Amino acid sequence: MKTIVSLLGLISTLMITNAPAWDRVLLDTYTAPQSWEISSQDLGLKPAKPFSVRMRTLHGGRQEGVCIVDIDTGAMKISVVPTRGMNVLEAVAGNVRIGWKSPVSEVVNPAFIELNGRGGLGWLEGFNEMVVRCGYEWVGHPGMDKGVLLPLHGLAANIPASKVVLSIDEDPPYTIRLKGELKEQAFKLVNFVIATELSTEPGAIHFSIHDTLNNEGDYPKEYEALYHSNFGPPLLDPGAGFSAPVQQVSPFNERAVGEVADWQKYREPTRDYDETVFNVVPYGDENGETLAVLHNATGDLGVSLGFNIQQLPVFSLWKNTDTLGQGYVTGLEPGTSWAYNRSYQRALNRVPTIGPKEQRHFDITYTFLADRSAVDSALQQVKKIQHDRPTEVRNTPLVELPKD
Amino acid sequence: MKTIVSLLGLISTLMITNAPAWDRVLLDTYTAPQSWEISSQDLGLKPAKPFSVRMRTLHGGRQEGVCIVDIDTGAMKISVVPTRGMNVLEAVAGNVRIGWKSPVSEVVNPAFIELNGRGGLGWLEGFNEMVVRCGYEWVGHPGMDKGVLLPLHGLAANIPASKVVLSIDEDPPYTIRLKGELKEQAFKLVNFVIATELSTEPGAIHFSIHDTLNNEGDYPKEYEALYHSNFGPPLLDPGAGFSAPVQQVSPFNERAVGEVADWQKYREPTRDYDETVFNVVPYGDENGETLAVLHNATGDLGVSLGFNIQQLPVFSLWKNTDTLGQGYVTGLEPGTSWAYNRSYQRALNRVPTIGPKEQRHFDITYTFLADRSAVDSALQQVKKIQHDRPTEVRNTPLVELPKD
Amino acid sequence: MKTIVSLLGLISTLMITNAPAWDRVLLDTYTAPQSWEISSQDLGLKPAKPFSVRMRTLHGGRQEGVCIVDIDTGAMKISVVPTRGMNVLEAVAGNVRIGWKSPVSEVVNPAFIELNGRGGLGWLEGFNEMVVRCGYEWVGHPGMDKGVLLPLHGLAANIPASKVVLSIDEDPPYTIRLKGELKEQAFKLVNFVIATELSTEPGAIHFSIHDTLNNEGDYPKEYEALYHSNFGPPLLDPGAGFSAPVQQVSPFNERAVGEVADWQKYREPTRDYDETVFNVVPYGDENGETLAVLHNATGDLGVSLGFNIQQLPVFSLWKNTDTLGQGYVTGLEPGTSWAYNRSYQRALNRVPTIGPKEQRHFDITYTFLADRSAVDSALQQVKKIQHDRPTEVRNTPLVELPKD
């Protein structure tokens, strides 16, 4: 049943607190998920663009019980999946869907996935979101590490958020924040609590992720993080391009070696293409800030990811330009680590450690580039960060993987 | 809470549509499962036998949240489990239960099963239905195939249906249809959507399954299907018999070799019997139609499965005449494939391929044979299809399996 | 929503039955879990200490849908988790929490755990209770046994109870009983039904577990049981002690060999300590009754476990005096078996068999020792049972385990 928050309730909420933000717990131990919505009007706020937030539950199939929060800024509707690691399902601005079309058509409840099934590829049964958290114990391909099978891309995307809070600033620009908490915990093995936050503003066609990895354990622990950010048409099309300030690029594996020359260009949907992956070391500006850009062939649509190389020093470019039905999609993936199994990454110094009670912050801003001017401006920004510094193009992978 | 559809709602439904069928969505993305029922009277229909359909949800144990739809034709109550691949739990006609008694006493929610547990035998923790869909990527015994463990009998039986629709013809014979959709999807690996349908009629003691396997992917894919149809007492009893038009029969493994002579007869509940399996290649009539019959020793109770060998060319006869408590049951299993691990079936040409956007249809009619005349008539039909053609009885298995 | 049972309902319940107990089904096939509570006052009972029982459901994260029953005797609040094998989450008496603080902060719904993940250590993702049932097919460390991976500590703790009944005696001492049923069933493999019962009394600071393992199958089956009973501060502290009448004690593994001399004493929270385990064979009195005691350094707080060595002949003492954050906890674990993988226990004669339709009873009484006098009295009782009989202290493990 749809519950419209009563004006009375709102007034009392606003009266109790003097703080500049309105808060609402959408889900926690004693708050069951329920259909609910609220608008700027309900809140008595008058931004230039009215906004609304809605919570809904899906039913049927493997999506039974999955909870989704839609934040409509007035210019972009961002859908977040608390049941799946606070992943971003998609963002829709006008008639442009930012995200991709996966053969997986349901938003799958983790209860129905065996990550260890399919030889460690069970994760693929739920993969269809725009932003998928990989981590935080490991992020890479399935395989044995120290005698244990690490299934693909870690557990985070299949951990339901344990506390979800919506927070809206009462003063301009009326920032909208959706917070969630992921608990990656196992006695003796790990005690990570990830505080996730997605923020945006009324009228915005951008949003930011602010994640804090907390090692609540008493021991230092290896960790890895990778933000699998996926885009298909119309942002991706034949001749689409990728741009970033690049210090080094290398092919992920033998398959990618043959395409090094064209690593920044995308093909048309290509039968039997499967995927190529490139390992990128980005340059940052004097503060470490960098920008990765995907734009269509015409150059009038795109998306940029702003992040900091002190937080996320490496970047995987996943080019999956197979057929539309198989998944015509590219992944822009800032991370602490590559997509190799963790067993390969230690030698590359790509398995950092987090001390007890320490935190690591991961911030990424996703901006829809809605026209040529926005794309050009983002590409200019990339060029400015590159600042004529050289790019090393390697022709051999960093890791010698076993033949299949 | 039980919801009786209001007459008003029905009238509006009937008025809106001019179509000859009344439809109701019982479960989909925005329709949560709920207790509900409807009768021919509610619908204003006047079949010779009044019928009803009911939806209910189970609680407690591993059956928490499991949804069941009971179709009572007036002569037979058929229970279908949307949460478990639209499997048929049982059909009850008068005081005869068509189905079997498994040690598994709950209708298990797939959320609580690890198919990859127990060395790939996790499926056995939920096995108790009359008709269990096996497939559609593989159907056989657990084992490694191309480096990946395939757990027993495939995923279908543990995929919750994503859309369930009840449809009732408004004209005689007032056919009742229950449709469901199973999504067997994993990025890069498979994109099968199986449209299931179970149909019956008021007053009927039979029902039919009409399944359509859709390869929604862009690539040809191997597939397998097997309909694990299971019957215990009173249809199965000491001296019960199996009959079908048989072109070839062979023992599944060494264990079955010793019983080839008696392959069509059933023992009493037998301690330490475990199971024997026979691989059958049925004959069909000029249109490929064939009939498999199980009948009790007296010959006055039975069940027949009508299917087409162009759709389901092979048949496994599973004789599990162990003790009543262990499971005294036989499986009549029309399929595209045998019950071997997929790795063995390719050499036998029993792993077909389905092209992109292609469909495969699987239709089976289950008929309760309620008296001697019905049994005799079915056995006559088998004889007619056999049409004096020879039966090859092999004494060696088609596959040389490794010793345990 | 909180449902207060109406007086009317109570009166009718009481009138219908002449039996001396008031019963209420809290959960079964057609009774969904719901928020509910009842008090001695509601029942018209007048014990010296008023008591109450409450049922609640948790939400968010991996605890979505987990059901908890709190029994407040007036002197101790005992929390039981039907969704997790009727485990006892904790017991709180005054300001003393009997239980422990695990890094796992949620009460995890088994739907979200892959026991076979993490190399068979998936169980650790849900481990935080005071009393955890291990069994009943196996109880030990993960590893291969007869070609199948047995994940840690068996399935029981992750089986949701299929029927939960609250029963309250209407006559003094108004015994409160909470019964649950666990079904550990897999076709061909196992058919165990465990009837669990927890009983206590108004005003009590003790409770008892009465479990009955039923082999409902037709064949004898191996089984194992172990009650993982876990305590942290304030019962456990530096200098805390363990006491029991001991016939034999031996180190579980090489790690424990070095600490045999101090096996009954506990350290302060110790970095990098991890754990040591000792295998104990307790003495019983002439009826087999025995007592295991944990007490703090001062000797004015403790807990005792009373059990019978005819039911539970061996005992594992798990000393996990690592840091507070890692889990400063000790396990007092009466069992049929040690904590070794089942493959090692057969040679030690620690894998008993249960015949078809046979039962095994496991009874343990947990008593909070609230002051010095209670601790002293328990230690006296231990001494009395020991009755000056000798203790064999072995310096080598019973099993030679492979090096890591």
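Labels for the chains are A, B and C, by order of writing; each one numbers its residues from 1.
What we mean here is this: contacts are C-beta pairs under 8 Å (C-beta built on N, C-alpha and C of every residue); 3 or more make two chains touch, one makes a residue touch a chain.
It should be emphasised that the depicted structure is a prediction, and the values quoted were computed from it without experimental measurement.
Asker: How big is the rotation relating subunit A to subunit C when the fit is done on Cα atoms? Please round to the nearest 5 degrees.
Answerer: An angle of 120 degrees brings one copy onto the other.
Asker: Report same or different for the subunit A and subunit B interface, where same means the shared residue numbers exceed half of all residue numbers found there.
Answerer: Since fewer than half of the residue numbers are used by both chains, the interface counts as different.
Asker: In angstrom, rounded to a whole number, how far apart do the mean CA points of subunit A and subunit B lie?
Answerer: Centre separation, subunit A to subunit B: 42 Å.
Asker: Listing for subunit A: what residues touch at least two other chains?
Answerer: Where subunit A meets two or more other chains at a single residue, that happens at 111, 114, 116.
Asker: Quick one: which bits of subunit C touch subunit A in the complex? Just the residue numbers, please.
Answerer: Subunit C residues touching subunit A: 56-64, 102-106, 109, 111-112, 114, 116-119, 121-122, 124-125, 127-128, 271, 274, 322-327.
Asker: So in the complex, the part of subunit B that touches subunit A is made up of which residues?
Answerer: Answer in residue numbers: 27-33, 65, 110-111, 114-116, 147-149, 151, 159-164, 181-183, 185-191, 216-219, 356.
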